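Notes for the one structure printed next.
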Amino acid sequence: MTVPDRQEDKVKIIISNSSPLPIYEQIKQQVKAAILAGELKENEPLPSLRELAKDLKISVLTTMRAYNELEQEGFVTSIQGKGYYVMPRGSQLMQEQFLREVERALEEAVKAAALANISGEQLMEMLKLLLEVE
Amino acid sequence: MSNTLLDVRAVSKNYGSFALRDVSFSIPKGYIMGLIGPNGAGKTTLIHLILNLLRRDSGEILVFGMDNIADDSAIKQQVGVVFDSVPYVEDWKVKDVGKAMSLFYDGWNQSRFLELAEKFRLDMGKKVKELSRGMQTKLMLACALAHEAKLLILDEPTSGMDPVARDELMDMLRQYIADGEKSVLFSTHITSDLERAADFITYIRNGQLFFTGPTDEFLDEWRLLKGGRNDLTNELREKIVGLREHHAGFDGLVKAKDFPVPPDGCVLDQASIEDIMLYTAKEAMPS
Amino acid sequence: MTGAVKMFRLDLLSMQVYFKSYLVFFLYPLLFAWWEPVGMAVMAGMMLAMLGGSIFSVQEKNKLERLYGMLSISDSSLVAGRYLFLLANCLAIQLVILPLHFAVSRLIGKTPSGSELLFAMGLSYFLFWLQCSYQIPLFIKFGYTKMRIWATAPFIVIALSSVLFTYTLGDALKARGPYLEKAIYYMYINPLQPMLTLIALGTLLGAVSYLISIGAYRSTKRR
């Protein structure tokens, strides 16, 4: 059976069994990443809940949880009877979420540095280098 | 019509040496519920009660909002059943089975039946007894799907099926609920089938309800605790379900809320449905 | 189509594959053509009732109760359909046996009269219901295998003893009971009234049995 080409097919979501993250978290992460990277644009529809569940071979409630949490966190919005759509990137909620993600990543880096006995200055240097590469 | 397709309320049945006591659960439309429990726990009895093949002692069973005894005929037009073995005359050919079913269902769609038979590679001229176990199950499924059933009830459909056939069945079930209007009740002791497909789990043990609710909730409630023999304190012992001690250490099931972090020297793991069943089966559980 | 007719068609479909077991009925006229049609009818009635058990046997062997249970049909319609099927069996086979008996008898020089045949049909119908009205509720309630012996034994006894009776006491009766002989003679000549009486009685037995069977079927669900 050939799958028709649709707009919402452009998103890539892969579930890994070996990941320590629960499935709904994996979905959330990948959707957020897609939004960040611009692969999922403003007002674009997400794959339908049930279709995604069927395609990924997971339960409907799991995709529902992922989508609901994405909506609570401000990344998508749901329209009754139509589905879930990507929120504009400028939205405040989304910005807050992204900020928190960055904060968390930085915290991890600080912890790792402490474990490895890397000083604060060394850490700043590393950050500057990385930013330049970007 | 409300959103609940099946509503079992405080159902009890005394059945000789065995009893189902005060079982309640419900399935909203558009979802798959797995019915699990050890053999003899009462899963088949429950299904027979829902189908009015057995009379309940007390409680209520509502299908599509109607009482399953008073509105038996109306309900059965829209319920599809897959038993653990074919309920057909073994000398019937596949086409005879379709003919027999078509007599009783107003919504019987013969071309859909033929379509499904072809998809499942069922030979119309083959006798029921000549079909393999897996093919027999597919025949039952074809019949259930050919009359536009809104509720699909399956009793141990995958025992005796190879992994490919099992996977195909699970895909069919996901496809079945894809429109959000139909639901599935799926009884099995092969829990790996349910792990990623079931939205809800109802767990029956010794005729009693042990758990009913979303699968994620069921899995989130428990963790597997593993550690060395020296790490096993008395305090820990009390909290562990189905404790297993061996030469290299111990393992057991614990409530996730009791252990947000693993105790010293121990490891906390996700528990699978099978794990939870195995460990809870090992001891009589206080609620 | 009412539920009973649907059930009838289902039973037909269930037994179709075992049609061969019905063919034995065609042997009867061949074996017993020398016998009186009445005697033939008695045997036919007995055998019909034994054949009636086969649908229950098929049902039990294939555990068809689960099939019946998942279909949209009321208890009374289901039982009615079963009775319809058995009745249709009885009528269909009689319609075959008796003309066949007539034909074969003619071939060997004995020609039964039309009235004898009519009476035989009525008697056979009555005997069929006599047995079935007793057997069916038992089969429904306890299943074929358990009841097989209990259901047929009484009638084998009756059949055997009536054969004995005919050959031993028959003569004695003839000597003692001119009225009995006259009555039987009368029935042969004017079969219509006795036949209708037998048909009515048989049907009544069937109806009562049907009501009992519904209760029996319902009680199997209370297990």
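Every chain is named by a letter (A, B and C) in the order it is written, and numbering of its residues begins at 1.
FYI, contacts are C-beta pairs under 8 Å (C-beta built on N, C-alpha and C of every residue); 3 or more make two chains touch, one makes a residue touch a chain.
Here the structure is a predicted model, which means the values were calculated and not measured.
> As a test of understanding: of all chains, whose mean C-alpha position lies farthest from that of subunit B?
C
> Using the stated contact rule, I'd like to know whether B-C or A-B comes out ahead in C-beta pair count.
Result: the pair with more contacts is B-C.
> Averaging over Cα atoms per chain, report the distance between subunit A and subunit C in Å.
The computed centroid separation for subunit A versus subunit C comes out at 76 Å.
> Measuring from the mean C-alpha position of subunit B to the mean C-alpha position of subunit C, what distance in angstrom results?
Inter-chain centre distance comes to 46 Å.
> In whole angstrom, how far does the Cα centroid of subunit A sit from the Cα centroid of subunit B?
It comes to 33 Å between the two C-alpha centres.
> Which subunit C residues touch at least two other chains?
none
> Which positions of subunit B touch subunit C when the two form their complex?
15, 48, 51-55, 72-77, 79, 81, 83, 85, 87-92, 96, 99-100, 103-105
> Which residues of subunit C touch subunit B in the complex?
So the residues of subunit C touching subunit B come out as 1, 6, 9-10, 13-14, 16-18, 58, 61-67, 69-74, 221-223.
> Give every residue of subunit A touching subunit B within the complex, in rising order.
Subunit A residues touching subunit B: 22-24, 50-51, 53-54, 57-62, 65.
> Please name which positions on subunit B make contact with subunit A in the complex.
30-32, 170-171, 174-175, 177-180, 196-200, 214-216
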